[in-house]
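Order as written gives the chain letters A, B, C, D, E and F; numbering starts at 1 within each chain.
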Amino acid sequence: MRILIVNPNTTASMTEKIGQAARAVAAPGTEIVALDPGDGPVSIEGHYDGAFCLPGLLRCVRNGESEGFDGFVVACFDDPGIGACREIATGPVVGICEAAMVAAALVANGFSVVTTLPRAIPLIEELAHRYGMERRLRRVRAAAIPVLDLEEESAAAAVKVQAEVLRAIAEDGAEAIILGCAGMADLAASLSQRTGVPVIDGVGAAVKLVEALVGLGLRTSKAGAYAWPLPKPFAGDLAEDAFEPPDQG
Amino acid sequence: MRILIVNPNTTASMTEKIGQAARAVAAPGTEIVALDPGDGPVSIEGHYDGAFCLPGLLRCVRNGESEGFDGFVVACFDDPGIGACREIATGPVVGICEAAMVAAALVANGFSVVTTLPRAIPLIEELAHRYGMERRLRRVRAAAIPVLDLEEESAAAAVKVQAEVLRAIAEDGAEAIILGCAGMADLAASLSQRTGVPVIDGVGAAVKLVEALVGLGLRTSKAGAYAWPLPKPFAGDLAEDAFEPPDQG
Amino acid sequence: MRILIVNPNTTASMTEKIGQAARAVAAPGTEIVALDPGDGPVSIEGHYDGAFCLPGLLRCVRNGESEGFDGFVVACFDDPGIGACREIATGPVVGICEAAMVAAALVANGFSVVTTLPRAIPLIEELAHRYGMERRLRRVRAAAIPVLDLEEESAAAAVKVQAEVLRAIAEDGAEAIILGCAGMADLAASLSQRTGVPVIDGVGAAVKLVEALVGLGLRTSKAGAYAWPLPKPFAGDLAEDAFEPPDQG
Amino acid sequence: MRILIVNPNTTASMTEKIGQAARAVAAPGTEIVALDPGDGPVSIEGHYDGAFCLPGLLRCVRNGESEGFDGFVVACFDDPGIGACREIATGPVVGICEAAMVAAALVANGFSVVTTLPRAIPLIEELAHRYGMERRLRRVRAAAIPVLDLEEESAAAAVKVQAEVLRAIAEDGAEAIILGCAGMADLAASLSQRTGVPVIDGVGAAVKLVEALVGLGLRTSKAGAYAWPLPKPFAGDLAEDAFEPPDQG
Amino acid sequence: MRILIVNPNTTASMTEKIGQAARAVAAPGTEIVALDPGDGPVSIEGHYDGAFCLPGLLRCVRNGESEGFDGFVVACFDDPGIGACREIATGPVVGICEAAMVAAALVANGFSVVTTLPRAIPLIEELAHRYGMERRLRRVRAAAIPVLDLEEESAAAAVKVQAEVLRAIAEDGAEAIILGCAGMADLAASLSQRTGVPVIDGVGAAVKLVEALVGLGLRTSKAGAYAWPLPKPFAGDLAEDAFEPPDQG
Amino acid sequence: MRILIVNPNTTASMTEKIGQAARAVAAPGTEIVALDPGDGPVSIEGHYDGAFCLPGLLRCVRNGESEGFDGFVVACFDDPGIGACREIATGPVVGICEAAMVAAALVANGFSVVTTLPRAIPLIEELAHRYGMERRLRRVRAAAIPVLDLEEESAAAAVKVQAEVLRAIAEDGAEAIILGCAGMADLAASLSQRTGVPVIDGVGAAVKLVEALVGLGLRTSKAGAYAWPLPKPFAGDLAEDAFEPPDQG
């Protein structure tokens, strides 16, 4: 099984970290390819950044589809463009926020999310609501660190994340913690050990869910919301992005 | 007051129709400018098309912001990129789906939406839910016409829309009807007259809501979800789209 | 366009203030008439007062309808009798709570309400729920002042309101603030300036929404919940209030 | 125990029927008094009628409170003025819609309501939502009869109600039926027998719930939403209705 | 009328206390029988204990049904096995959590629950949601006492419960308090008196609701979710528990 | 990895079929053991049967825990006793209804469930609500076959299931179908092929989710709702079932 993981921002060290986290949990027969698009923001912090990551993300998935990848992971906690990716993929497409919440809800009753910046809080609350997880979500907390601080050599960012994780356990009644940024993927295991509650990284969770769905022979349904895009002209610089129907469409 | 209306697809006849619908309801002191981006899909039918309209849409709004427009309308019924637009706008930004639902809920208890293709139904249901309108929405119906059929000379598409509007009134208990595509903007008035129930076009509704908000002196809050984007490098072809903080930021 | 604003309590100074707030935001072509009924409570603080404002409120709207007003505003934050007013009005009827929440939700993600007495909190929470705004409402706060304290010469009440507004911004994650009493209409502009977040007065918001709806040619739907009342006898002192069908009924 | 039942319309035959239905289920030690106000609409069909029943209803409850009634039933299926009645009552106040839904939810999983006119449907749906019964309510159906047709000698109205009850059982998956008008109180027993599913009259249900609450020693909480009204002047014809605090306040 | 109350745990002193609480509120003509099964946990604290109380509980109800009891109360605040009991009962079956919430919602707007151990909190929150009470429930609080501490001679547990009740009134905006354990049934009356807000015991509430439903002639609907179990073999030690259809089935 | 699958009914042919379905999708390194308890109903059709499967189910899981199984699947579509199983398991416990809904929601927007008997419909609707899937669930349909008909040699039951699956696709707008009974596990693959939409069997889905969670190193959180049961005496025949704390507790 081959899984393509797209980091929708353009910071190579983060793509590298994401790929490592994915490989750490992948099953023996799973091949992981982790990519980022050449174009777009170096980190995704808010709606504007999130919009501009989409063309690159979709090109990566489109290419991955033609290369026959069995499934796809979108490795940004805002789950950007999942619906669009599903329209152009035969196999399953899983976002790391939804994956982490699914995993948390299976091993705990209520959970909190620890993310980077306060501006991400309303986006994550809205995702929780879209996924039907609003009654499970105890609270979204921000460690008040920019995404790229997680790429620094120093451990300062990790210290702040851990402090917020501890607060979530003590104050929110959270039975599990979700790390709300792909850049925190390397922190989950040690935080789980230190706190004694499940601390969940969405990248790993998404890889395992894709493996599970592919293992079940499930493909993205083309019967409704995720039907193949309709072929049509795209004007100007984006002309190359117009959808060309695949053979199996 | 100057309002910029962006048609996020690249079909000029539709932009023209949208501009006319907007001017037909604008207050005397309101100047309407209707634009579409040079890049992107000729119509927006699904998530994939919706993702690729965003760069062009956001460039239009960014330019409009630097040109001092007082408010913005995004004229596609999927309300694409509203959060991103709000991050880069001082004035209010209103999408036509939300606008139409707000108007409908003020003059009727329950309403139905008549849109173009069945694949739009789940997207509109999800928007209704996001806007807290799920208890007002009786049903989303599709007239089974591609968006660009509404641009044809022949009246065939309009006939199908009218038939579905009549069915919604007869079968759904709908007290008002929303036309679920910017390309239907020219049909609202005559359908209202023929049916005797309010038939609402989102383009007009959004223009009037922007006028209302600007008239109240209200600007997009920068205190949380819609704070200015953080300045940061964008890689590759999108480098020019990196956000440059405005003076008032 | 002529808009009738009914203050459903019987305190003339408050009616005057409401009229001023309305005229301050009305469009050039809009004529504002602000009235209060001769009968009923001097302020509306709870369900009991709210019930006794209805006969007077409805007489005002009935008269306004026969005088050909284009739209109506009910200027009490409990939105009393909106459904009944809509049944007897051709044009739109907008309550100031719903108007303020609609405006807030278009310029901010989450908002708090600052009202007068704690007993109003459950009523406003219930309205937020009825309007589908429960996910947007961060918190309803009471400044612990009786309504008529807002009519005093001294600024003591305004000081308490401002303190609560500041607390809402600091503690609730509110991106906008709604002033939860028509008697606070004069405080919105200065509080907006001082705090830097949108502070919204429902009276102004309702006037602009009525202007918007009338400008769109929308009238209250008579197809269901807001159909004209059925003509029937009213016994005793209320005999004169039995509904006489209008010509257009 | 003495229970005051107020029929908020002014049709004496209906008050009589309601009193009979109440006495038919009351416990041996319960004294039932059924009243209607002298003022107001002969039937309540919509928001406008509902608003004008309130002054008379509240005077009845206020008098009943000073006469020491132990609890109160408001016998109109729109549950008008329940919050206001609770503010002026020491004992419990129960509306017949809420009572019927509570009873139905304890003996069945899902239920349908059969009411009089289609215009009542949205009001009842909104009540179901307010009471947290939206997941239990299968459907609200209207037998298309004006309320006062239920007071006619002929059985025509009863036949229509029965037909709609049978349809609800066959088509809605309803496990119990609620009769959605106080004027149907005499039909419940025979419809239960004929259909074999619980058919519930709200008048009886409310009487038994008041008996239950009084038997538990429970009184309306004065700690928040239902605190005694604040004493204050009422202007004009309603001056006598200003609340005079009781000794126990 | 004969009501069977089953305490699903096997602590006789608690069964005795429950019986006394039931008799204290029962109507003159009501005979109360309080039982506990011979088998199972001495207290129910969590899902595991709750599962093992079911065989004994169901045998008690099955016997009660064949002895002709008119209605049933399940006296554990987790409302275990209510659906199963309803399948095998002709008369109404009421759980004490649902009963207490119904009573609270009729005399107050918002309420809090004070229970024993923190592990019960998520279960009670889930019940509130199932009963449509999530908007009424202010908070579930735990007094941090094991269930059987309530059976001790010393008043230590009662003191802790009272402290938590006072906190709920002061901090949660609770207008009524529900005692979240059948073992607290003897504390409700004195706490009501001391605090001045309704403090509700579910055992008493359930008894009165069963009396009310039986008094209305209502039986558990056999039309859907609570139809009689299908006769079928049970293997092994549970063979005797296979359902034998009653004559009235 | 060793996964224990418990079929909570006592029909050996169904346990065999469930084990085969599990092995068909299990990863190479996964060992599947499928068991049923010696005690209890031969099939689970309703709340009563569901209650009596619990002691046997929990004994199986308790034994499995002491034998060191890494995770557990409860193979009945009512998801009986999941919370109780989680309290006594170190590894993850997944029910087949939740598993199937999680899988469906990742490859489709809306789905329908096809189950056996109509009496299962309200139970499954309630589970969908508990799992936050109420907006995804289009409809629960019953093929009107008793569970054990699926164990017959003849294909009659399978034909009925297929007919209902086709109706769900045609009439509900379902983009995926869930088979709502463990006894249908052998039908999923062929129905997927024939219909072209994902048809999901919960047994397979649950196995893959357990593999995923174990692969992530996630264990059931012991911090709240699923903490180990408290050690305490069990009276009578169930004395052996009292929880003995494991070493790792």
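Here, a contact is a pair of C-beta atoms (placed from the backbone, for glycine too) under 8 Å apart; a residue touches a chain by one contact, two chains touch by 3 or more.
Just so it is clear, the model here is predicted, and its values are computed rather than measured.
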Starting at chain D, figure out the least number of steps needed to reach chain F through touching chains. 1
Could you check which of D-F, A-C or A-F has the same interface as D-E, with more than half of the contact pairs identical by residue number? A-F
For chain E and chain F, what's the span in angstrom between their mean Cα positions? 29
Mind checking the centre-to-centre distance between chain A and chain E? Centres are C-alpha means, answer in whole Å. 44
For chain B and chain E, what's the span in angstrom between their mean Cα positions? 52
Give me the residue numbers in chain A that touch at least two other chains, ranges are fine. 109-110, 121-122, 129, 135, 173, 224-226
All pairs of touching chains, each written as two labels joined by a dash: A-B, A-C, A-E, A-F, B-C, B-D, B-F, C-D, C-E, D-E, D-F, E-F
Please give the residue numbers of chain E that touch chain C in the complex, ascending. 109-110, 135, 173
Using the touch definition from the top, list the residues of chain F that touch chain D in their complex. 121-122, 129
Applying the document's contact rule, which stretches of chain E touch chain F when the two form their complex? 10, 37-43, 45-52, 54-56, 58, 81, 83-84, 86-88, 118-119, 121-123, 126, 129-130, 146, 224-227, 229-230, 232-238, 241-243
Okay, in this complex, where on chain D does chain E touch? 25, 27-29, 92, 94, 98, 102-103, 105-110, 131-136, 169, 173-176, 189, 192, 196-198, 200, 204-205, 208-209, 211-213, 215-226
